[in-house]
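The same chain A turns up in both complexes below, where it pairs with chain B and then with chain C.
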Partner chain A sequence: MTASSGMVRARPVKPLGRRIWEARWCYLFMLPGIVLSVLFSLWPVVASWYYSLFNWDGINKVMYWAGLNNYRELVHDPTFWADFGRSFLFMVVTVPLEVGLALLVAVVLNDRSLRLAPLYRTLFFLPVVMTTAIMGIAMQFVFAAYQGPVNEALQALHLIKAPVSWLGQPSTVMATAIIIFVWKWMGQPMIYWLAALQTVPSDLYEAARVDGARGWERLRSITVPLVAPFGAIIVFIIAVGNLNVFAFLQALTGGGPDYASETMELFIYRWAFGAATGGASGTSLRLGYASAAAIFFGLAVMLIALPQIGLVARLRQRGFSLGRSIS
Partner chain B sequence: MNDRISRRRLLQALGVGGAGIGLSACGVYTPPKTGGNANNARLNSTAFDIPTSGVNFPKGFPSGPTQLRVVDSGDQKAIFWNAFFPELQKKFPNVKVSYDGTDWTTIQQEITLGLHNGTAPDFFQLPPTITIGEAVNSGWLAALDDFVPNWSTIKAGFPTGTFGEGVTDFNGKTYAYPWTTNQRISWGLLYNDQYLKQAGFDGTKIMSWDQFTEAAKKTTKQGAGKYFGLIMGIGQTGQISGTIDALAESAGAHGGEFNWQTGQYNFTSDIYREATELILGMFANKYMFPDSVSIGAPQARGEFPQGVAAMIVQGPWNIPEYEQTNPGLKFGFNLAPQKNPSSIWPFSYAPGGSNTWVVSNASKAKAVIGLIFNYVGTLKGQTEWADYDGAGDPPQYPQAMQHAKMDTISRGALELGYKHTVLAPNPELKTPSYANYQELYVPPQPTWDQTLVGMVTGQVKTNVKDTLKKVQDSYEAAMEKAFSACKAQGVNISRDDFTFSSWNPREAYKYPTKS
Partner chain C sequence: MSEAVVREGPRRRSMLSPGQMRRYLTYLILTAVCFIWIYPLLWMLSSSFKVPGQFFTGLGLFPQEIDFFNYPDAWTQANIGADFINTAIITVSGVLIVLFVSSTMGYALGRYSFPGKRIVIAFLGILVLIPQGYTIIPIFDLITAMHLDGNLFGIILAESGSAHIIIILLFAGYFAQIPRDLEEAATVDGAGFLRTFWQVMLPLAGPVIATGIILQFIASWNDFLIPLVLTLAQPALRTVAVGVYFLQGVNQTNWSELSAASTISLLPVVVVFLLFQRYFIDGMAAAVKQ
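Now for the complex of A and B:
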């Protein structure tokens, strides 16, 4: 290729206004989405940054300038750090359990020889669609110390001597919440895994069978390597989701007892909308303080989300996508 | 009106309004056919005598279609409204009422939102986090003087302490209407008569703290795992602290947590230590219903009539509910156990009332509200309120209670309220800066209630005396910090505004009122 032949005549760049006009229908159809995103996503974020600089209860018209005091106070608040750590601990424990169990179940249910697979798929997925608040209340009864079925079963099996207040003791509440959470949400990654598993060509398994590979070897050598890229995406989706567990914990424990199951979202809610104390003790609403905590937490979640974005982009370059697998 | 309804519907469509606003779009008010809270007393109630003319009838009462939207915290109040609103609609077919007796969480969210965006109901209860002063300053509330017929006469008929400048009144006008009294026992002992008798105790006699422990011990033993001595719902904020505050106040910790005589907190007093140890002992010795830590007050009071505990420390509002839903339950209501039953200090209650209704400044149904507010302020209206709500939410007029039809337990609870409560002082009466103080006050962490839950669950490991000292110090420090913050903002308020050294805790505080 000669230099002259390589010279391509640059296309004249149209003015911005003209390009927008030509794509006016695209912009018009995007407009509602943009407006809603600005109103319900962007504006609250910007407002939180602003509110975090004030002593403000979120109600009164008067806002008292606080500068960075809310952030300073937050850094020295042991409850904040405990809740912050608990949020990530919850995520770190639940994600492998949820994703790992879901993979095992999906592998089993992906076996076409299993006649009742659709029924089991439905049963595993049912808790996902169950209303979180109702599930939380129901689980309070299931795990109750007084005539709770879990305690009665464990006592009948002689695993415990006396009923345990699973949700009423700081030492057991988080473990109990994690078990319930994994049970409730495991169906979601299971569906993702099933979608991913269906992209694995069946002739690979047949060839492996002919070669004498056993179930575990087929899983290790064929299934896992081929679905691993999907796994990365699933893990990150579930990880970010498991940091947002407000409804679940609020319905199940309300963050108690004694904050033992309080995560960052409950911390933010407590300060932003918590109960008044009255009398000499005034009110306890501090939207400014809650906003500062929300910003901290938001940045932390972003740190988790950023690699996800990078990873998804990289996988797309390699031709992977959950959408493709589902289709 | 049309404009307001369409905005409401828009909000509903956007899903912002939730249940309460959703109900507002239901149109004509129809009371529930099987209201679980139905009180036996109301079956005997006479018909409402709502005026259609005369001095108590508002000028400019609408003749065209008028929508009235009412939101409050329901419970006993709903029993009255469920009977009253259909009668109102029958008398004035052009008035359509939408009543939502909801919970405080919903009130907190929806009223707060409604006030900010101009879609608050016509009359409602304010969320506890918004003071009346804040709402008045924000221009959200209407002055009752402007539209309630004969307001000055109605107001003058209420007992001293119902209205007060800085409490219900601002700049000489009344913005809040507390027609139910605080003069009730909010923390009494509801007991299972059968269980106590079997254990050798008589619930009709006020128990000492020792007897309380002994009764809990014996009933737990006789329950053999099927029922326990006491049930609480300390998963809900304020339940364990409220119980201990009540035990301590009637034992001589004046004012409860905060001593209005000295302007200091009471936590380091021996009485508070002993009351705290009493309740902690109930947990430590397993006399307490085992799920008491993880449940809230509604669950606890729902469990009690199922026979899971011999005693519960709660309010008289449970009485009609228990009678209605558990007719076989033999129970009684008495004062909470006393350190010294022969010397009981009164419970102090704040000025105003147990329920306070306010009117939206934007309401277009003020004349209808004027009629209702006038009516519930008459002896007839107050008596009818008492007929329906009894001791749970008693009206302000003592003479209304004498006329009211109610069962023996409710009447007994009411009489205990009159006998063992006194009006307390309040800093709102001393200084308008109290509203600023409330805004700048940062509650200590952990709070008194959280500390108690921490002690119950073993998270707080220091002894009771040292723990209470820490609580006292943190609360005093929080107050001082709020004073400093006020000073920095140019707001003049000090400890003196919280000190009423002349107050005799055995007598109602006599405070200046313009009513």
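Now for the complex of A and C:
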């Protein structure tokens, strides 16, 4: 009550200390979340810089000062650059495939006369909720070279003569992984697109139908312009997500064969924890080296993502925002 | 005109209108595509009933001989039962922690303005961008340093630690649109900040709580990197995803048993998703709509 009468008059500017004291409950309410975020997100970001300056095997307590040696070694490591590029290549290829295919499916399912559309939506979405690591392992069988279902089907259709070791050879492993990844995650942008399509008022379609606009024309002149702003957000969310592919690739290929499907996260994992899983490398663990790689990767992600955040934030301002609250 | 009606009548009965025709064609194509889409899942399910020697036996979904023993074998011999219980504990605790943290934070951010609010929002926004691969080494070190590496609590804490921006935003958005009158009435009744939140606001947020539970349940159950790294030296603490991962390649992999283990571990997420689909999809869609 006092707040509203205060707003009618010229708003009195209270001293900062007073305003902070008045909002003490707000700070207390945010405390658990802030503490957890600082411990498990902010601190790791800072600590990585520190670790990257040491040689450290993670088992012994002793850390040996290495200065910038880890970084120097990293920039001369061809596997690092290959993995670094592969992470972003994976993102650049999967995002348009995933988002584009999802738009196609969403437009088909958005037809109101299709009573069974929710059933199909559920089926398309099912792989998304499945545990990624377990899907990766199951897909090893599905794409198995010896009598796997995919090879059996393609041979029955006479599309291939002999079985192909889809995940077992460097030339096909990435393409296969990309196809499986798009299959696994297409449902997510599909839901986003369906949400976007539902914001298009149906009377617009009715009006267009009365005017004699055909299906394709309605799609082009009504649907596309109205859902395009959502497209930017969808691409952004999916792009950030598609840089986090550890569970998928580690379970599907383990980065192999011959590191041909190793991305940055798998590189970091291999150097930091890999030998503990009985990996064939046999070399000792190097957490400092892995940390240096992690910093390169984290910085690259930030550099790509931050400019886009501004764009997304501008698009978001139209609808609900956190700014709307009691003053 | 009457002629037209006469001519039109029988035609309608014997043939489909163009609209219906197109609808049936769409259904036909969708059904075919969906069958291929979920075929890998059906194949895995059918494989879990195969006799170990007959794992790779073509495309058929119905094994010639049905072997139910893959399930008890996976549960006990392959230790998926113990992993399953670990995962259940981690998931339930994770859901509780995340709901508590997100609802309080969302309440403060959605309903009040205070100095530093923009900084908190920017901070949360940037956290989303940090790749998990970047933070995993210090998280491992931190959990070890806190001596939490020998129990499930370390995994629970590490998983709850990453920012759950979507759930926070859902709470913030929901609390922001609750009318002020309610709060004023509570204040008149003498309720303080805490009681207003606990007794007035939180009970109103049922739909968001449901969405949060479903989103976090599926996320926790499916998590892989954190439980993998934190259980490398502690096989007894493994979750199902990690347990199934380590089932392959140990001596001779028993594929049928592995399929059964996978099916067991996927069952809870699938059931929860199918039962509470609406909440899950609403929660996801909110990411785009907001």
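As a convention for this text, the second predicted complex is superposed on the first by the 292 of 327 C-alpha atoms of A that agree within 3 Å, B and C clash if a C-alpha of one lies under 4 Å from a C-alpha of the other, contacts with A are read in each partner's own complex, and residues count from 1 in each chain.
Just so it is clear, contacts are C-beta pairs under 8 Å (C-beta built on N, C-alpha and C of every residue); 3 or more make two chains touch, one makes a residue touch a chain.
Predicted, not measured: the structure shown is a model, and the values here were computed from it.
When both complexes are superposed on chain A, chain B and chain C occupy overlapping space and clash.
Once the two complexes are overlaid on the shared chain, A:F273 sits against chain B and chain C alike.
Applying the stated contact rule after C-alpha superposition, one finds that A:G100 touches neither chain B nor chain C. In the superposition on chain A, A:A144 makes contact with both chain B and chain C.
Once the two complexes are overlaid on the shared chain, A:K61 sits against chain B while remaining clear of chain C.
Judged by the touch definition given at the top, the superposed model places A:S165 against chain B, while chain C stays out of reach. Shared-chain residue A:T253: touches chain B; no touch with chain C.
Looking at the superposition, the partner that touches the larger set of chain A residues, chain B or chain C, turns out to be C. Once the two complexes are overlaid on the shared chain, A:D77 sits against chain B while remaining clear of chain C. When the two structures are aligned on the shared chain, A:P32 is found in touch with chain C, with no touch to chain B. For chain B, the stretch among 109-117, 343-351 or 397-405 that collides with chain C in the superposed model is 109-117.
In the superposition on chain A, the residues of chain A contacted by chain B and by chain C overlap at 58, 140, 144, 146, 273, 276-277.
Those residues of chain A whose C-beta lies close enough to touch chain C in the complex are 1, 16, 19-20, 22-23, 25-27, 29-30, 32-34, 36-37, 39-45, 47-48, 51, 58, 108, 111, 113-114, 116, 120, 122-127, 129-134, 137-142, 144, 146-149, 152-153, 156, 183, 188, 191-192, 194-196, 199, 230, 233-234, 237, 240, 243-244, 246-247, 250-251, 264-265, 268-269, 272-273, 276-277, 287, 290-291, 294-295, 297-298, 301-302, 305-306, 309, 316, 319-322, 324-327.
Put simply, chain B touches chain A in their complex at residues 108-109, 112, 127-131, 134, 137-138, 234-235, 237-238, 257-258, 265, 289-296, 308, 350, 427, 436-443, 445-447, 450, 453-454, 456-459, 475, 478-479, 482, 485, 489, 498. Residues of chain C that touch chain A in their complex: 19, 23, 26-27, 30, 34, 37-41, 43-44, 47, 55-59, 100-102, 104-105, 107-115, 117, 120-121, 123-142, 157-158, 160-163, 168-169, 172-173, 176-177, 180, 184, 193-194, 197, 218, 221-222, 224-225, 228-229, 232-233, 240-242, 244-245, 248, 255, 258-259, 262, 265-266, 269-270, 273-274, 277, 280-281, 284-285, 287-290. Remark: chain A residues 55, 57-62, 64, 77, 79, 140, 144-146, 163, 165, 167-170, 253-254, 256-260, 273, 275-286 touch chain B in the complex.
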